[in-house]
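To keep things simple, chains are lettered A, B, C, D and E as they appear, and every chain counts its residues starting from 1.
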Amino acid sequence: MSTLQVLLTVSALLFCLGLTAALTRRSVIMILIGIELMLNAANLNFIVFWRAHGDSDPSGGFMFALFGIAVAAAEAAVGLALILLVYRHYRSTRSEDLNKLKG
Amino acid sequence: MWLVIIQLKIGIILTFFSLLFAVASLAERKILARIQNRRGPNRVGPCGLFQPIADGIKMLIKEDVVPRKADRALHFLAPIVMVAPMVLLFGILPYGGGLTLVDLEVGLLFFFAVSSVSELAVFMAGWSSANKYSVFGAMRAIAQMVSYEVPLVLVAITPVMVAGSLSLVHMVEDQAGYAIGVIPNWFVLTPWGIVGFLLLFVTSLAEANRTPFDLPEGESELVAGHLTEYSGFKYALFFMGEYFGIFAGSGLAVALFLGGGGAPLPLLQWIPPYLWFFVKLVVLVGIVIWVRASLPRMRIDQLMDLCWKGLVPLAFVNLIAAAIWHYSGGGWQGWILAGGLLVGAYLMLNRVVLRSRCSWERKYYLAKS
Amino acid sequence: MERMASHYRKSGGRWLGSGILRGMGVTLKNWIGSYFDPSRLVTVCYPGERLPLPENSRSFPFLIYDGDDPEAGLRCVACRICEKECPPECIHIENERDENGKPRKRPAVFDIDISVCMSCQICVEVCPFDAIEMDQIYAISTNARFEPLRLHKEQLLKPNEYFRELSPTRSAAADARREAERAKQAKKKEAGKKG
Amino acid sequence: MTSTEEVESISEKSERLLNISMGPQHPSTHGVFRMKAVLDGETVVKLTPVFGYLHRNHEKLAERTSYLGNMPYTDRLDYFCSLTNNWAYALSVERLAGIEVPERAEYLRVITAELTRLQNHLAFLGFLLNDMGVWATVLIYGFREREKILDLFESLTGARMMCNYMRFGGCRCDVPDGWVEEAKRITDELPGVLDELEQLLTDNEIVVARTQGVGTVPGRKAINAGLTGPVLRASGVNYDVRKVDSYGVYDRFDFSVPLGSVGDCYDRFMLRLLEMRQSLNILKAALNELPSGPIINPKAKNRNLRPPAGEAYGRIESPKGELGFYLVSDKSGTPYRYRVRPPSLVNLTLLEDMCVGQKVADVVVILGSIDIILGEVDR
Amino acid sequence: MNVVLFIIAALILVGALATVCVRNLVYCALSLAATFAALGMLYLALGAEFIGWVQILVYVGAVAVLIVFVILLTAPDRMRSVGPLFSRSRILGVGVSLGVFGTIAYAVHKSGSLKGSLSMPAETDMQSIGEELLSSYLVPLEATGVLLTVALIGAVLFAREEPVEGSEESQESKD
């Protein structure tokens, strides 16, 4: 088990923890936190593979992780704004209550 | 051997800054008193010199009250999360003369990354005290600190663009040397430098929650904001955190705009650079205290307006002015172009703000009958 | 701020930030001034230096006696006017009784409860015999609330010299009045004897 | 008082309303005064003032004390301006008992009243700026000048704040020598200090932003609410009891009454600065023309004064507004009815109208700009 | 070098576990911030210094504070997330994620090409990052810039307080 493989399993575990958070927790905010964890796990993979590639010029994985962080931040901001809007309308953040579209 | 030197440097810097904290807390009360025509603490030791020691002991002995419904873990953790990042900031300040602890290549980025952690500490303090007022105060403080981080970063980027690197030591080297013999070519002596320095000074005041932006602890409205439920040593830690915030902010201003350890005149160069850094830092801290004594507090909505409608556009214009300065190769044509742009921006801002003020021109009729 | 005859025009701050700078100029003037100009450093370190009290200053009343023996020179004749006129009624007087119980013109008990007294000096004003005057002592805190704050006759009695040194002009006026009074009494007595 | 149902109906609309109470021991209220505020985020939706913490039964007490005995109690009404309280009470008793006041006493009364107005406004500036956040700097500049005036009072009347100086028919004691010169020196110095304070405050962008357009009271609403004093004149209504009644010898001095235009906190703040300058003019003239002569009407009986049955209402322009004393006498030694018209209480009635719609931080500034004093409000 | 990596990795996993399992929402947010900080440290240890500090600046400084702010605004009193711990949907969720983890772990373990050990991280200086960004990655940079502005405006529009119809004080506070 080389360090590369250990780090990859760590990021996989991180990804799955994010997945459980998103799937099982009731509060909408927890779902968003789960998504954040998953995105970070992906970033971790990029950096690990970039480091495994060896040379030091910052291309490939490095850049991808950089843009990944920027996009994730934008997504978090919009997601939270959405949660605020939903809360103001439905008065609750439990995901079960948001079932108006069920029809 | 290398490790010993590093530990020695760390020792020097930490003792220096904790001493400066003690002296600054005394100096604040003395300067405030002198501005208000009174003497200030002079009972403990010769003209009050042992006052900080007395305060320290008082803070240690005082009972540390924690409200029953408070969230013990967070309540205990908040002051630590507040002070720890501030102390980290002192590591990268370019004192010069071999005292610079570490020359990070991404020094400025490190500065902002670490200083933005203190917002979490403010939240933890406000939330864990389970008191309506402190949650109210914490929300205001976070809103203020988050929105004032944008102009802080924008203003700090201008010297980065001109110096070409994020490392503070490189920036200080870029400001070394003297134009036509006497004038040091610090960044502050350029048109965009003056505006940048003022903006940085104002935003670091807001970042450290100092007057005229000390809204969270607005005594007259919400008692002590997020610090209401703290007493004893934890309150002293917050107090120390606030002071370290001011030192870090002024240290950054000295490094970016006032030429770090550079001596103002060539013939004064025999004084070691870290002493110059110390002198400039003390002068800036003095100005911070002087501002505290003479300006009232701003309202939360005015504070936000100032940030988003005043400082952020001015910071963008300053960025453009710095670019113009850079490509016009400095000198008098740089002054005319960049200076003209900035003066134009100031005039436009001046008219917009004064026209929006409802009836600034007031007339008072002196009735004889 | 032009000062027109009938109008006081408050012109707007022309430059943003100039008002703040001018204001900080004032605080700077006070800061520097406090080191050189005595009018800009007005506080004194209290227990050490004390500001001199003006002559008319008053705190709590005290009784006056002439000469050196408090009992003999006591001016108060227990006429109880001050007890009646005192708004918060903090003075309590009991007459001396001679052997067969007839009240004599001297107070046996003269208590002033200084926790009730509001130092309004109406007693001094209404006293026809200048027997009571206002003192200038103010550091008289005690450790108990009631008993030590009821000053009895012995604690209240102070010689006329103390009053003369306390407030020279008022004591001089009072003494002159008493002299004139005594001279008139003496002349009336001669007239009475002659007549 | 609005019933609790109404408060509920507001909160049905959006229950994000926050009930906070700026309690009696709040650092910014001038004495013990409580405000129950209902906030919607930052803006005030409803504000109910609660006072009465300093009620000392002043008027019932006065009905069992002699007329002279009441005089020291009037110092405790508006404990910042005891001399104007004394003058108002003395004025109403003189009208009741028909007592004349000699020239010199009238001048002394005008001089002491104008000095009281000066030191009250200086203290007002300090408290208002202290609420806004200037950490006690302006307060101590104001108090530094106020101390000089209080020293004048102490050497004249014996006490700094509880002067008990006026008697029916004049004043209690004459001016010690050297007092008039000292008073002249102070009135010559004060314009310099006022210029310094104006330079520090009136153009300051933050002070302007915090006070302009805050707590605006239109003239018509001020008149309907019965406001008096600088708060009324800030809304542009020309009503100053010194000019209307011209009691005492005020008609001999030419001074003008400053009037505001908008009626917001900034106008009320500027009004006091301008009024101080007018008081200085009066003081200069009065100190120069101080006539000699008796300071009390010899025929006036002060001790057990028994005024003829009847009623009288004496009012003066105290620094906070129109202060009036309504006395009913039934020929006995003590007044049958003793009523005080406190300007602070009447000015306070409009506090809610001024604060609704403003931010929380402004409530404190508005309360400061009305300049109330709890001794007078609660009596 | 590997020991440091493992310690930080352990830190990350503990933080993530805490984020998922703790019932109190505020503790979740704070442990999330701790996980982000630990991830930043891992990037530093892996030699990507710039990404490490950007991670701390963006996530710990901004995203965590935003999440905390929204928690403050939406559910200040109902902090405890109630409900049975082991309901049917919860077990299903855990099962799915375990399956996903199993497949990835198996793939990583079995694949032959991942044997190489990590080389000592050479310093990547800012100069090359700058040039790289503005030369070969110029389009993504501008696209991210546009994306961020759009997200900013969108978030502000969503979270803006619509004026409560009819009540005059909100009009007045709007101007």
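Worth a mention:
Operating definition for what follows: a residue touches a chain if its C-beta (ideal position, glycine included) is under 8 Å from a C-beta of that chain, and two chains touch if they have at least 3 such contacts.
Because the structure is predicted, anything quoted here is derived from the model rather than measured.
Note on connectivity: the fewest chain-to-chain touch steps from chain A to chain C number 3. The chains in contact with chain A and with chain B alike are E.
Chain closest to the overall centre, judged by the mean of its C-alpha atoms against the mean of all protein C-alpha atoms: B. When C-beta pairs in contact are tallied for each pair of chains, A-E comes out on top. Between chain C and chain D the centroid-to-centroid distance comes to 26 Å (mean Cα coordinates, whole Å). The geometric centre of chain A is 6 Å away from that of chain E, both derived from CA atoms. Note on chain placement: the centre of chain B and the centre of chain C lie 54 Å apart, centres being C-alpha means. Touching two or more other chains at once are residues 50, 54, 62, 69, 123 of chain E. Counting partner chains per residue, chain C has residues 8, 10, 13, 16, 20, 23, 26-27, 30, 42 touching two or more of them.
Among all residues of chain B, those that touch two or more other chains are 35-38, 293-295, 357, 360, 362-366, 368. The touching residues of chain E, when paired with chain B in their complex, are 26, 30, 33, 37, 40, 49-50, 53-54, 56-57, 60-62, 64-65, 68-69, 72, 76, 123, 125-126.
Those residues of chain B that touch chain C in the complex are listed here as 31, 34-39, 42, 290-291, 293-295, 346, 349-350, 353-354, 357, 360-366, 368. Those residues of chain E lying in contact with chain A across their complex are 2, 5-6, 9, 12-13, 16-17, 19-20, 25, 28-29, 32, 35-36, 39, 42-43, 46-48, 50-51, 54-55, 58-59, 62-63, 66-67, 69-71, 73-75, 81, 83, 89-90, 92-94, 96-98, 100-101, 104-105, 108-109, 114-119, 121-124, 128-129, 132-133, 136-137, 140-141, 144, 147-148, 151-152, 154-159.
Only residues 5-16, 20, 23-24, 26-28, 30-31, 34-35, 40-43, 45 of chain C touch chain B when the two sit together in their complex. The residues of chain D lying in touch with chain C in their complex are 65-66, 68-73, 75, 137, 141, 144, 147, 151, 154-159, 162, 164, 172-173, 176, 196, 198-208, 258, 270, 274, 303.
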